[in-house]
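What follows are several structures.
Here come two complexes built around subunit A, the first alongside subunit B, the second alongside subunit C.
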Partner chain A sequence: MKTKTFIMFVGPSVFLMFLFIAAPLVSVFLQSFQVTQGVFEEVIETKCTPGFPAQICTEEASVRRVLDDDGNPVSQTSWVGLDTYRTVLDPDAVSAAFDEGGSGWSQLMTIDFYKALRFTLTFTLITLPLVIGTGLAIALAVNRCVESLKGPVIFVSLLPFIITPVIGALSIRWLFIGDGIMTALLENWTGQDIAMFAQGWTIELLMLFYRVWHVAPFAFVIFYAALQTVNQDTLESAIIDGASRWQRLKYVVIPHLMPLIIFVALIHLMDCYRVFEEIIGFSSQAHVISLQWLTFDYLTPDDSGNRAISRAAANSMLTMIGIVILLIPLLRRTYRDHKNSSH
Partner chain B sequence: MSQAKVFQASTGLKVTVAVFLLFWLVVAAFPLFWVLVMSFKLPVDAFSASPLAVITGPETLAEKGGISILDMLLGAVAFYLVYQAVSHWTRGVAERVGFGFTPIGWILGSLIMGAAGLFVFVIILPIVTGAVNWAFGLIPGLSLLAQPVIGITLDHYIAVWFENEFYRNFLNSMTVTAGVVLISLTVGTLAGYGLARTPSSLAFWLLIMALIFRALPHSVLVTGYLPPFINSREILEPFLGDAAPTLYGQPLAVIVVLVSINQPFTIWMLRSFFQNIPAELDEAARVDGCGHFEAFWRVIMPVMWPGVITTGLFSFLLAYNDYLVTALLLDAQNQTMVPAITQYFNRETTTTDQVEAVAAAVSITAPLFLLVMVFQRQIVSGLTAGAVKG
Partner chain C sequence: MAEIKLANITKRWGSFVGVQSFDLTIEDKEFLVLLGPSGCGKTTTMRMIAGLEDPTEGEIHIGDRVVNDLDPKDRDVAMVFQSYGLYPNMDVYENIRFPLKVRKVEGDHDAMVRRAAEMVELTEFLHRKPAALSGGQRQRVALARAIVRQPQVFLMDEPLSNLDAKLRVSTRAQLKNLSHELQVTTIYVTHDQIEAMTLADRVVVMEKGIVQQVGTPTEIYDNPANTFVASFIGSPAMNLMEGQIEGGVFRCDHVEIGGLDTAHSGPAILGFRAEDAAVAPDGAGQITAPIYSLELLGDAVMVTVRTGGALVAVKADKDYRANIGDPVSFSVPASICHLFDQGSGERLAR
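Up next is the complex of A and B:
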């Protein structure tokens, strides 16, 4: 295919991606160094009240928003360098926390950004092995299943994956909220009064459960498809050599699945790092927040209708650093595949 | 035979596997099943601590009536029949009504099957259960089977859909998803084909860019959109004059945004489907005198529809399930279903509100449930296509 034809085919797609992905990225990068504020002016008013023998006059200074000729408030954008990053990262509060007299870690966790970073990272790292393990176990189990049952089993397994994330989180939440049946069951077992939504760590447990429930089917489907292509000859020779079931799994099946395990892991890391819907579904913002939720929160108009765009931009840029680190292995893998396939 | 014997598992392993599989199925389906049950009960029953009370709904039964054991049996039979019919016949129906043009066939076929299913459940089932209940009620020993035992009420659904005008959100959701699927497939198939048929390194770098774009958190992009979208009127005025629109709150703007966010994933997936089609096919077409575009449209696309349908399903899911973009870029008037439901439960003051939120959640999930029923095979093939190709 000639380059000209190629460009005609990919043109619309590339145009959309540049206009709506690349351009916004640049604009976010620039905005993170800027602050847009309303322009205010100080007005000195003389207020007089009737009095005797003369009026009593006081001069009051008040601050007012400057309006332009059409009556719209005037805003002004100024470059502030790294100031917004400083507001988000709050280095002074960090050093205060670890100085003498500061309470260290727990004080650090009162700053939104570190609170969100801590949760995002632990959440990502804990769910990863759980998702892969659960997905693999389901795939192996379904592979041994009776042929006629496979269809319905896959159907039910796909449901948690296909469901709207917010709704999925909500449906887990409704099982546990107040004296919901799962909470009642737990209370019965432990004999204690349990409130799942009163403290952070129980909410985090529910979130972990939700995420594994939601993503394990994806891992399952991919592993299951790959299990169909395991080399039967190798398996047979392993049996003849007297390999136990466990050894066959470890030395034949898992190595065969390895590229896909890495693929699932990378996709999962990428998606999990963007954790957001759980916070909405479990309404956990008072206890647990994530990096992407923090940006969302800055972008949501506050009580006076203002959006903290520049803080959102700075927070976005900081989030991106993590994404870049996560992407490096994936990019290297793709590059290697590309070089291998072109030879 | 000997091979089968060697692969035979011991009884212990068989039992473990069966127990594990059963456990997983319960875990997978239970939350959804439970939410479905809750949505039909009065709040007293729905949030009762006793599971039995939630299922049988004594208060609901006393106040609103319910269904009998016979109703349930007949309902289960009807569900099984519809499931079988949908999973076996949709393909045939789609081929018959599609006039050889498969996507239209699939859309029409799904609609026909959906309507038929609705017809069975809403019209035929009540008539049949009514008659059977009446007949069993006459037989002294069996009349117990015809007695209502499980309380059910549709009040919350009626409140959600009509009093709270959820149908508006539903229509908005449909507009946005339909737009996203159509545009992203049109743009994506062109790009996917181009990328699959070019060995140049330009294509490789484009794919790498797409991979990076796919990893971006959507909130980062929305941060970039918000200021220009809110001020778009002033920005575009010099070019468009008075016709300059405010993009914030426009469904069309959200469609384009979602299409773009979806592009990286779409082109990767479509490219891997196009790569499965041998390049000899378009070479043959070119030898016969087709241009590149003609070969693409006349020769490649007809064998490509399964891949397009699968990719379309994933575009549908992305647009339908989206919360972040629609919540920030659409105003209350044009809100889609998913953000609308959270506004709902944020004001959960009474338990009735909560059960209404549950009913809304079930309403959002129902179309997805049908989707998996009809397109299970395509979804599985789509998930694996991306993975196996890398």
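Up next is the complex of A and C:
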């Protein structure tokens, strides 16, 4: 392809990517080092009584927002370096938690960022193998299914992925909340009172279950498509060589699927580290919060209408750094495989 | 090592018959080639022996065991596939070792792998991945993997088909040598008659799931059982002409061949091979017709005429020269002629 044709072909895409992805990213990055505040001025007012028998005048100082010529409040942005990151990460509180007299982990979990990080990491790393395992298991089962049943089974398997995330999360919540059907069944079965939403860990379990239920169909579709391309001669070679079903899966099928397993893992890690819908759907803010929800919380105006934009920006950057750290091993493996295959 | 006995093997998918009543005993250490065009049932037969397909009817014996109900891994066979069937994520060493590993074979795996690799001249490639090998090298890896655990039977499904013509010739020679060295019962599937002729102790020619003829390469070449075998074996294929036999004389358009040793009278098909006949220099041959085409083959010139509704070719001396349309006469003595029934295509008794 000629360079000019190539540029004309990819140019619009690159421009839009820059406009809608790179530019906002740079903007957020810059905002995380700045603080924007309203400009206030101190005004001294002299207030006098009507003046009988003698007028008494007092001076009162008050603070008010500076307005521009059009009557709009004036704001001022100042460069604060890493101060905002220090505010979010709160290193003093961290060292206090682990100092003598501090209560360690439980005290650390009272700091919003670490509370959110703990849940986000747990959520991501537990759901990852479950999503891949469940997706692969469904794909293998459907692949061996009778031809006439494949269509309906694929449709049913895909349903959780079709449902809107918040609606799905709410459905699970309604099944288990208070005297929901599932809670009633469990109470009936165990003979104990069960309150799934009274403590954090049961809510987390439901969230994990919901995410796996919701995302496994995506992994299933990808793996099922890839299973159709497994080399039948290689598979039959393995049968003749004496490989059991498990050995065929381990030595033939999984290596064949590995690039797609990594793809699904990459997508899932990126998606899961930004967990948000579950927090809203399960109304879990009192017990568990995620990094993405924390950003959302910073951006929500407080009682006086102020939004912590720079803290939201810093939290977003820290979330991105977290995702990159999680992706590095997978990207390294992909690069190594690509390098090996090109030799 | 083992004898293989196929007793009335039939494979059907619904109303479609893949293999029909295949009866054959393959001797211990024999190299048997299943030969036929695509879709004739040769690969299906091999897959049934391997255990990758279940026969609809009949019994398969390997050694003194009926193996119909045994899993492929329990039949003690090794198979080489057309597209090699290698494990792309493993290097050559691990590919060859794989059957030993999964079967938990006792002994020095390293020595076994190296010996197998040495037999197929792969020692220097042991740590390469299949993707870094040529087609011929990949097929040799597949061969080494087959021989490493010394099975009772080798099954080879068109192992040379994916190789280019030159490589096919050298790998064929290597296979022949390997077969001689290993002395293992081998079943080899191919649609290439040259492979069949060069490698086989016996050839089974198949068409539409039915065995047409079983015999040594010489028997099949010299005495084809029917017109299908006659036209399938040999390059060029046997010349076949439809005509009438009266009193031991075959006649059709431009053709009159007398002295045939047959009591048959009426319509018949006469066949002879291009290399058995000759151009009659004095124009006194049994077939006289204008030249349809001339092909220079290097060691000979193929002269073709149109007669009896068919093209008839004869190999002439490499110095033979003529023009298309010139009259030519072929000398076709009765001793080189084969007679077939015009209805069934079966060989006519002398």
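Following the convention adopted for this analysis, the second predicted complex is superposed on the first by the 307 of 343 C-alpha atoms of A that agree within 3 Å, B and C clash if a C-alpha of one lies under 4 Å from a C-alpha of the other, contacts with A are read in each partner's own complex, and residues count from 1 in each chain.
To be clear about the criterion, contacts are C-beta pairs under 8 Å (C-beta built on N, C-alpha and C of every residue); 3 or more make two chains touch, one makes a residue touch a chain.
Every value quoted in this text rests on a predicted model; they were computed, and no experiment measured them.
Shared-chain residue A:239: touches subunit B and subunit C both. Of the two partner chains placed by superposition, A:253 touches none, neither subunit B nor subunit C.
A count of residues in subunit A touched by subunit B and by subunit C gives the higher number to B.
In the superposed model, A:159 lies in contact with subunit B only, and not with subunit C. Legend: residue contacts after superposition of the two complexes on their common chain; A:340 is shown touching subunit C, with no touch to subunit B. Of the two partner chains placed around the shared chain by superposition, subunit B is the only one that A:184 touches, whereas subunit C remains out of contact.
Of the two partner chains, subunit C is the only one that A:231 touches; subunit B does not reach it.
By the touch criterion defined above, A:14 reaches subunit B but does not reach subunit C.
Counting contacts as defined above, subunit A residues 236, 239 meet subunit B in one complex and subunit C in the other.
Residues 50-52, 72-73, 77-79, 81-90, 98-99, 102-103, 129, 131-132, 142, 145 of subunit C are the ones touching subunit A in the complex.
For subunit A in complex with subunit C, the residues that touch the partner chain are 231, 233-234, 236-244, 247, 251-252, 255-256, 258, 340-341, 343.
The part of subunit B that touches subunit A in the complex is made up of residues 3, 6, 9, 13-14, 17, 20-21, 24-25, 27-29, 31-32, 34-35, 38, 47, 49-51, 54, 87, 187-188, 190-191, 193-195, 197-200, 202-204, 206-228, 256-257, 259-261, 263-264, 267, 292, 296, 317, 320-321, 323-324, 328, 338, 341-342, 345-346, 357-358, 361, 364-365, 368-369, 371-373, 376, 379-380, 383-384, 387-388, 390. Those residues of subunit A that touch subunit B in the complex are listed here as 1, 3, 5-6, 8-10, 12-14, 16-17, 19-25, 27-28, 31, 36, 134, 137-138, 140-142, 144-145, 151, 153-160, 162-168, 170-172, 174-175, 178-181, 184, 213, 217-218, 221-222, 225-226, 236, 239, 245, 259-260, 263-264, 270, 273-274, 276-277, 280, 283, 291-292, 295-296, 299-300, 307, 309, 312-313, 316, 319-320, 323, 326-327, 330-331, 333-335, 337-338, 342.
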